[in-house]
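Note that chain A is present in both complexes that follow, paired respectively with chain B and with chain C.
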Partner chain A sequence: MPTLKIDHDHCTECRMCYVVCRELDINAVYVALEPLHRIEIDARACTYPGCTACLMYCPAEGSIVEVESGRSMVPPPPEAWRRRGSALPV
Partner chain B sequence: MHTILEEFLDKWVWPTAPGAPGAAFRWRLTKERCLKGWEISLQRTVDEIEKELPRADEAWKKARALRGYSAEGVHMSIKQMSAQLLSVDLDGQARYIDLQRMRARQIWDECKHSKLHADVLIGKGWVTHERELMDNPLANIQPLPAYFGLSMMFPHIHPLARAAQNYCPKAIACLGIMAHLRLVDDPLVRHEYLSQRDEERMHYMEGKFQIDMYCTTPETQRPVEEALDYLLHQVAGIR
Partner chain C sequence: MVDLPGKALAQELIAQSRAESRSTPMEAVIDAVRDGRFHDEHAFRLIGRLWTLERMFYYVYGGWGQGLELNDFPASVKYLFSRQIYDDSTHEMLYMDTILRQGWAPTQQDVFRHPNGRFVMDSALAYYVFSLRNFATYAHTIRIAALNLGAKILELGWMEGLAEALPDGELKGVFTSQFVENRSHVNMGRRIVEESVSRPIDAELCRWACAAVKADYTRFLQELSDLILDRKTVTTPVATAPVND
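After this line comes the complex of A and B, so read on.
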């Protein structure tokens, strides 16, 4: 299964992903003790691609990356939020 | 539709967490109400930039920085945001604890925006210290006469009323930043907007998140609609 990681060159540490992940009670996004108390994603707890919520509220372009493909997931590509057959808003 | 608005919608508005309980409400608000206001406001900003740009003098840069400072000055930001923090009473704390965290952080964020405008004014030598701005009327007025008073009253309406303010006017701020970055080459002006881009977008995302997650019943949706009525009228003249 593909996994996500934070790209610290782009992340602004706003912690929206942290709030979102906790709101959904997944708790995969955490603040790492080392080296700089930065946001990280625990791949064992993260349910991506089942859940893509953090991608939808992240404001910093390029800051969450799919590890296996290396592609940026912010802003989220259409297949990350349309794939479950959700109706398009427009 | 302007290409800047189209880009903003595709990148930051339509993407939605599958199953987000308030998403259908947010989409409806966006399509039926926000889009018109966003279009009017963006066009106004683009027209302004295109009118001012050929003059290429320093006066409009100074006026823009003063206007930014007056919209986001420390005195306004602290008072407005801290008052809105109080919108969550003790009974609502368990439900809205993350909302409180976001709002508390926004107090500092808003003050930082004003500091970035002050940095430009200091960097250009127009003021020697931010304190001087306290005596400058141009750094302390804005064209929205009731904005401060009524937005202070949001906490007396409902904890979620602020979500409308984050979602709608913050989108306008994001669009204004995108317009400046697309149309203006001046490095000072670009710095002024680039330095605030991701943070404004974060505040927009806070509104988007709060509506998607919390505005799920008529009781929690009504305050957002009421706040939008006021904001869209103030910002874009929409009744």
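After this line comes the complex of A and C, so read on.
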């Protein structure tokens, strides 16, 4: 399964991804335990491509990347919209 | 170079708070960690209550923010305050992440309902929160002096002691990763007091507010320490003054 990661060269640390992930109780986005407290994605908890909620709210182009293909998922490509919500908890 | 008007006051408040920072009720918790009497359940109580307090800062800072325009502070003061709100929000996230990662609760909703994460009105935590919120009617310089050069220095002191004693890498990281931001808040407070507190009456208000906030914060720390170590909290009566029309 493909996985997501944050590209810190583009991320503005607005934390919308953190907020929506927490609200959905997926809890894959977390704050790293280092002084910069950057946002990271735990691939073991993330349900992408089933859930693409973080991609829908991310405002910074290129800041969430699909690890395997290396392509930017922000703004989300059309297939991400079609898959939207399919693996969200009921 | 012109001397900043509040420089001596800032130094005085910092020195007083630093002198008190390693004699708070949290020293008993640090001793318990060193003696191997601090286990998973104690850690959940600690992180759960700190999360409850930290999330209430959204409420405190919301009230404070409303008063910022009234006194027409310079842009730097507003920037520093917004930075502080962001940092304290980060710390709230750190505590929640830890609770979920450690498996102490499955979801954030569960932590809201759990005794370790629930906000209780009749508590020292609530008293401290409402006391801080009431500083919304004071000038921003006064309340920042009270929080950043008072309670935050106490917090930094016990957190440094606790982090040093904690053997667990992840739990230690929750605290050590906050140090830079916490020191930065102290420096923000120092700068604001140095630059903006010039009148003797404001200096007196800063001294009073700083002592009041530290007393309220220490009452919360006593409650927290008692909860962690299974002790009964003996509440000391709060000084009240009759109000007449």
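We adopt the following convention: the second predicted complex is superposed on the first by the 81 of 90 C-alpha atoms of A that agree within 3 Å, B and C clash if a C-alpha of one lies under 4 Å from a C-alpha of the other, contacts with A are read in each partner's own complex, and residues count from 1 in each chain.
In the analysis below, a contact is a pair of C-beta atoms (placed from the backbone, for glycine too) under 8 Å apart; a residue touches a chain by one contact, two chains touch by 3 or more.
Computed from a predicted model, the values in this text were never measured in an experiment.
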item: First, second, both or neither for A:H37, with chain B first and chain C second; value: second
item: Chain B versus chain C as contact partner of A:R22, first or second or both or neither; value: both
item: Greater residue coverage of chain A in the superposed arrangement, chain B or chain C; value: B
item: On chain A, positions contacted by chain B and by chain C; value: 22
item: Complex interface listing, chain A residues touching chain B; value: 12, 14, 16, 19-20, 22-23, 51-53, 55-61, 75-76, 80-81, 84, 86, 88-90
item: Of chain A, residues touching chain C in the complex; value: 15, 18, 22, 25, 27, 30-35, 37
item: Chain A-touching residues of chain C, taken from the complex the two chains share; value: 89-90, 93-94, 96-97, 100-101, 107-109, 170, 173-174, 177, 179-181
item: Residue ranges of chain B in contact with chain A within the complex; value: 9-20, 27, 30-31, 98, 101-102, 198-199, 201-202, 204-206, 208-209, 213
